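Each of the two complexes below includes chain A, the first together with chain B, the second together with chain C.
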Partner chain A sequence: MMKLKNILANFKKQFSSISKHPYFGFIVLGLVFLFALLLRNMGLLTISVINTFTLVMIYSVVAMGFSLLLGFGGLASLGTAGLVGLGSFIMGYMHGKAGISFTATIAIAIGVALVVGLLVGFISLRIEGMYLAIITLGLGEMLRQFFISYDTFTGGFTGTSLRSFKIFGKLFESGNANYFNTVYIIVIICFILAMVATINIIKSPTGRALLSMKNSESAAQSMGISIIKYRLLAFVLSSVFAVLGGALYILHTKFSYPPQWNLSYSLDILAAVIVGGAQSIYGIIIGVFLIFGLKVSVLNYIPFFSNNPALIVIFNGVLIVLVVMFYPGGLIRLLQTSWYKLKIKLAKLKMKWRTYRYGKDDQ
Partner chain B sequence: MPGIDVAVRQILIIILGLIAIYAALDLFWFRRKTQKSVYRSKALNVLIFLSILTMIVVSARLFTLPIIIQILLLNTVDLSILILATTAVVLIFKTSVTTNFAQGMMATFGAFFAASVVMKLIANGSTNMTLILFAGLFAGIAISFLLGLFIDVMIIRKGKNVNSVGKQMITMGLVMVIMGIIPVIFGSNPIVLPAFSVDVKIFNIGDNPMVIPVQNLYAIVITVIVLAVLFIALRFTKWGLGVRATASSETVASMMGVNTHVITAMSWAIAGGLGAIAAFFYASMGTQVQVASMVPVQVNAFMAAVLGSFGSFGGSIIGAILINVFSSIAPYYNGTWQLVIVYGIILLIVLAKPLGLFGKKIAKKV
Partner chain C sequence: MAKMINNLLIKVYQRILIHIEDKAKFKKDYAEVVIARRKSRTEKRVDNLKENLNKEILAKALKYGIQNDLTETFINEKIKKTEERFYWKKRALKASFSRELEKAQDKTILENEFNEKSLILDNELNQEINDLRTRYANTLDNQEQYSLEVKTIENKTAEKIKKIERKSVDNLEDYQEKTDNKLKRLEKQAALFRDKLFSLADQTNIKDYGLEEGVILKLDNLTMRFGGLVAVDHLSFDVKEGEIFGLIGPNGAGKTTVFNCITKFYKPSEGKMYFRKNKIDTVFLNDYKVHQIIKQGIVRTFQNVELIWELSVIDNLLVAAHTLFKTGFFGQLLHTRKLHQEELVLRKKAENVLLKMGLYAYKDSYPLGLPYGILKKIELARTLMVEPKMIILDEPAAGLNDAETLELAKIIKMIRDEEKVTIFLVEHDMGLVMDICDTVCAISFGKKLAIGTPKEIQENKLVRDAYLGEE
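Let's turn to the complex of A and B:
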């Protein structure tokens, strides 16, 4: 009996030390999404919910890259949509049409992202603040025009569709149940990897350097931080994340349409990062879910909203306005503070119960 | 046309030559001066001016000058719309230090209201079309004015500790709210806004006959009157002085007794009104009023403000004129890559002058 108790206590101790590791939360989150797939295959969840989960994961990858730029580097960019579109078209053309292998395509996509990121980074050395946001907006519009006009690469107004993909020598064709499951698992793996990469960047000297650059450039420079190096790095990282998100997007939806990569998509990503909390990974995921996933997975089941689709847009807008007005740190800050307050209240209640049960503590 | 390649080559050669001259001057002359940056910025101004002049002159030789004038005349309604939108964006930027993404939506709301008033009046049996349209225009301006006032007083002002990116996000949320409200208020049926006139006026410049639609004349006249009133107000009234004081520093202005709340609210309201005029003319060009119709205009207005500098009204208007000239001539070089050409030129100019053509560098205290 004593032995069992010992083992249990030991296990509890070990578990608490494991659960404090930052990767633990990520893996649990991945397992929850995997469990959703299991429920779907048992017929308990509808396909639209799973689709929403996939999109939330893909856009979270993009938003994490963006938060490295905005939340840590303090550089506003509105050209995200162009980069995500670029990733989707590279995947669609190189792998779907030209028949280049999957890993090579990913490598090419990352190479392109490096070049584009460096280019925008060099522009950002000269142009700053609001001007940079609008110039990147212009770059995004240029990319969109490029997608529409250069139709041998993107398919122009008909768009690019991906029928099948081949990974590790196995061919997956669309329309197959296997295709759906495989893509979902790939997306989960990429999602977890992106979170691990982000937290490693944030906690490393690079992340600290980016943060110091955001708060004061002159102070950062005087501490020996190279502005050129870290600005370029921030743009390169964010564009790599965005391009990978685009590649995942076309794997999931099997389709990419040039005019969809417009300004409002970039603004949605910006809104997700700001609403959730620009410096927290879980905050970003909450923000992405609110902006992109709330409509399909929750509001469509409430009859009041499903009868008036215009109200969903208004609801989203009001949510953004209220969160930005009253919780500048994002929703995650709200959750953290309310959790802290709840803890204090619980402790007080416990104290009260104790005084009631055992009498006042006289000292 | 085979001439286009030659023209593009000429433009590129001349501009590259100008850049080479600038580089040589910089290497052998400016570097030795004590005031390097003053010389450099002056030389850059000349370089950019000469490059733009080259583009226009070569284009004029390719298409002949009367054709260019004709093209520009046909695009004057676009120009008026862009100038109005740019002025509105700059006005809000000066007082609230944020780029207003809801500008287009506020304007569209005004255009919808104007169109529904016009349709009501027509249904009631009024016949004087010009009067009806002016009534609609004023109704649209009034509603957008009130909307701007409401947004600043009830939303932007209430947000405490909101930085400029936060204000941007609020305006973005407002885009969604207004986008959702429009079909609820005005119904989902298409609303058509007729033009003031579908006639064209023909006149001669020298021996060349020119055509200008009468609608464009209306747009030009209204824009000029509105802008003249606005600039006189900015220059000579207490409100204008307040705007300039708030633009340089909101805290100091409020300490000096300027009621910055009223100044900001009036700026939002006037920006709404300007946007409503722009959206009115934009809507009466096409077939029907659409929710997302003002988005490209708004993007162009931001680009114009960046090109001319957010700091000055005159500069941003010149930016708007340049964008209009570029984007009306560019399709004749290459129709599919029009937007890329125009934004590429803007990007190059802004890279050379990061604060816009007329921006002044303000030394920051660390």
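Let's turn to the complex of A and C:
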């Protein structure tokens, strides 16, 4: 009996130390999403729920890269859409049409992201704040025009569609149930890896260097942090995340259409990061769900919104205004403070009950 | 040609030497951290064992009905617990009674009821205490059996403890020996390169840019122009090693500009700056970029506190240790073991610095909202992370009250004496400057007025005119 107790206590100790590790939460989240797939295959969930989850995960990957840029580096960019589109077209063209292997395509995509990121990074050295946002906006629009006009690569106004993909020597064709499951699992894996990479960067000297660059450039420089290096790094990281997100997007939807990668998509990503909380991974996921997921899973089924789609945009706008006005740290801050307040309230309630039951202390 | 090759060799050897020295230092620091950790772990285990032993002895004593201190305290504790339980019961009773008293019309009945109930409670309490006493007070008093069993248990745990301690000592000795061997090997390598370096340096008369013995920083005709404005005008002076050097002057004299030139925030329009990095290496500061200055051994603070507001105090210190992290970006992305070790060592170092500065209590708090004096101290602590050769303080006493200024003077002196660094400061508070500085240089409109000991400066006519206006 004693031994069993000891073992249990030991296990509890071990578990509490494991559960404090940041990866634990990520893996649990991944398992929850995986469980949703299981439920779907058992027929308990509709396909639209799984679609929402996939989109939330893909856009979260993009948004995490963006948060490294905005929340940590303090640099604004409105060219995200172009990069996500680039990722999707690279996947669609290189793997779908040219027949280059999956891993090689990913490597090429990362290489392209590196080049584009460095380019924007170099531009950012001379320009700051609002002007940087405008320059990146121009870059995004340039990419969109390029997608529209260069139709051998992107298919122009018809867009690119991906019929099948091949990974580790296995071919998955669209329309097959296997295709759907495999893509979902790939997305979950990429999602977890992106979260792990983000937390590792945040909790390392690089993350601190990015934050100090945002807070005080002169202090950062005098502490030996090279502004050039970290600005370039921030842009390269965010573009790599964006391009990978684009590649996942075309795997999931099997289709990418050039005009869809416009300013409003970039703004949505920006809104998601700001609404959720630019410095918290869970905050970003919440933000992405509110901006993208809510539209697909909830608002489209409410007749009030589905009859006038413009209202969804207004809803998002109102949400952003409210969050920025009252919770500049994002909704994650609201959750944290309300959790704290709840704890205090509970303690007070307990105190009240105690005085009722036992009378006041000084009696 | 030969000279060029020699110079190149010197540079290569220096690089290698720095690398080896850094490695040795890291190994040493890490070994300290590991040893402290292992020791505390064994102590914990031993404590646990001892606790368990006491529990077992108590169980045996209770089993054989032995009365000693252990059982006495055990029973007393149990009694105390039951008493407490009854205390709360009584209080609940009293509270409910007083609640009902307000509503009730016939108070005497209620009072009687209350008295009855409390009497019952008292009786119950007494009974329970008696039960406890009789339960443990003895059935069979088997002294022999008891002492026999206790002895065996004690021997067992003593053996266990011995084993653990011996093992940990052996392990630690092993570890110590290993690290010592490694350190010795590294030291040998370092000595080899050092010898080579010195002999080469002797042969080739390396450039020390004509710096005199004991001079650490030399400014030679430093000039800084902003358009038509000449902020610093052909300024030259020497700062000696290990002194506290003060730069004073009226507002707009160009003091902060001088600092910004030395730390390369501004590119000087003219003039040369030399810094003696170590015994054989003197660097030409004009060649370096602003973020490379810290690696040469110069750290600065700012006039208005420049901290990273979104990081806790200890993380702020770790930002200062940025150049001490050797793990590359991909190592950080994968959170390798080396990064973990480095983080441990540097965190320990930051804690030590905070302890020394009396800031340990603020370790995990965020700088936003802390008093201004504390912020200034944090900035000062930040400079100590990299073990610099020279600390540049830009108006350290600005915004501090008298008590804080006195404390600051003490701290600056302590840093100079303990860390053996040179301190170069700009200050408006003449009391502080005259109190702590060894040498003072006065400038006005970017030109040097006088340089000397504080007393000489006080008596200098030019300086007086600059501050008070000409007579």
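Throughout what follows, the second predicted complex is superposed on the first by the 332 of 363 C-alpha atoms of A that agree within 3 Å, B and C clash if a C-alpha of one lies under 4 Å from a C-alpha of the other, contacts with A are read in each partner's own complex, and residues count from 1 in each chain.
To be clear about the criterion, contacts are C-beta pairs under 8 Å (C-beta built on N, C-alpha and C of every residue); 3 or more make two chains touch, one makes a residue touch a chain.
All figures in this text were calculated on a predicted structure; none of them were measured in a lab.
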item	value
Which superposed partner A:126 touches (first chain B, second chain C, both, neither)	first
First, second, both or neither for A:346, with chain B first and chain C second	neither
First, second, both or neither for A:171, with chain B first and chain C second	neither
First, second, both or neither for A:197, with chain B first and chain C second	second
Partner chain in contact with A:38 - chain B first, chain C second, else both or neither	neither
Which superposed partner A:18 touches (first chain B, second chain C, both, neither)	neither
Touching partner for A:218 - first (chain B), second (chain C), both, neither	both
First, second, both or neither for A:324, with chain B first and chain C second	first
Chain touching more of chain A, residue-wise (chain B, chain C)	B
Chain C-contacting residues of chain A that also contact chain B	216, 218
Residues of chain B defined as touching chain A within the complex	93, 98-99, 101, 155, 158-166, 168-170, 172-181, 183-184, 295, 299, 302-303, 305-306, 310, 336-340, 343-344, 346-347, 350-351, 354-356, 366
Residues of chain C that touch chain A when the two form their complex	88, 91-92, 94-95, 98, 263, 265, 289-295, 299-300, 302, 306-311, 315, 318-320, 322-323, 325, 327, 329, 332-335, 339, 382, 386
Residues of chain A that touch chain B when the two form their complex	70, 76, 123, 126-128, 130-131, 133-135, 137-139, 141-142, 145-146, 149, 216, 218, 263-264, 267, 270-271, 274-275, 308, 310-314, 316-321, 324-326, 328
In the complex, chain A residues that touch chain C	197, 200-201, 203-206, 208-209, 211-212, 214-216, 218-227, 233, 279, 356-359, 363
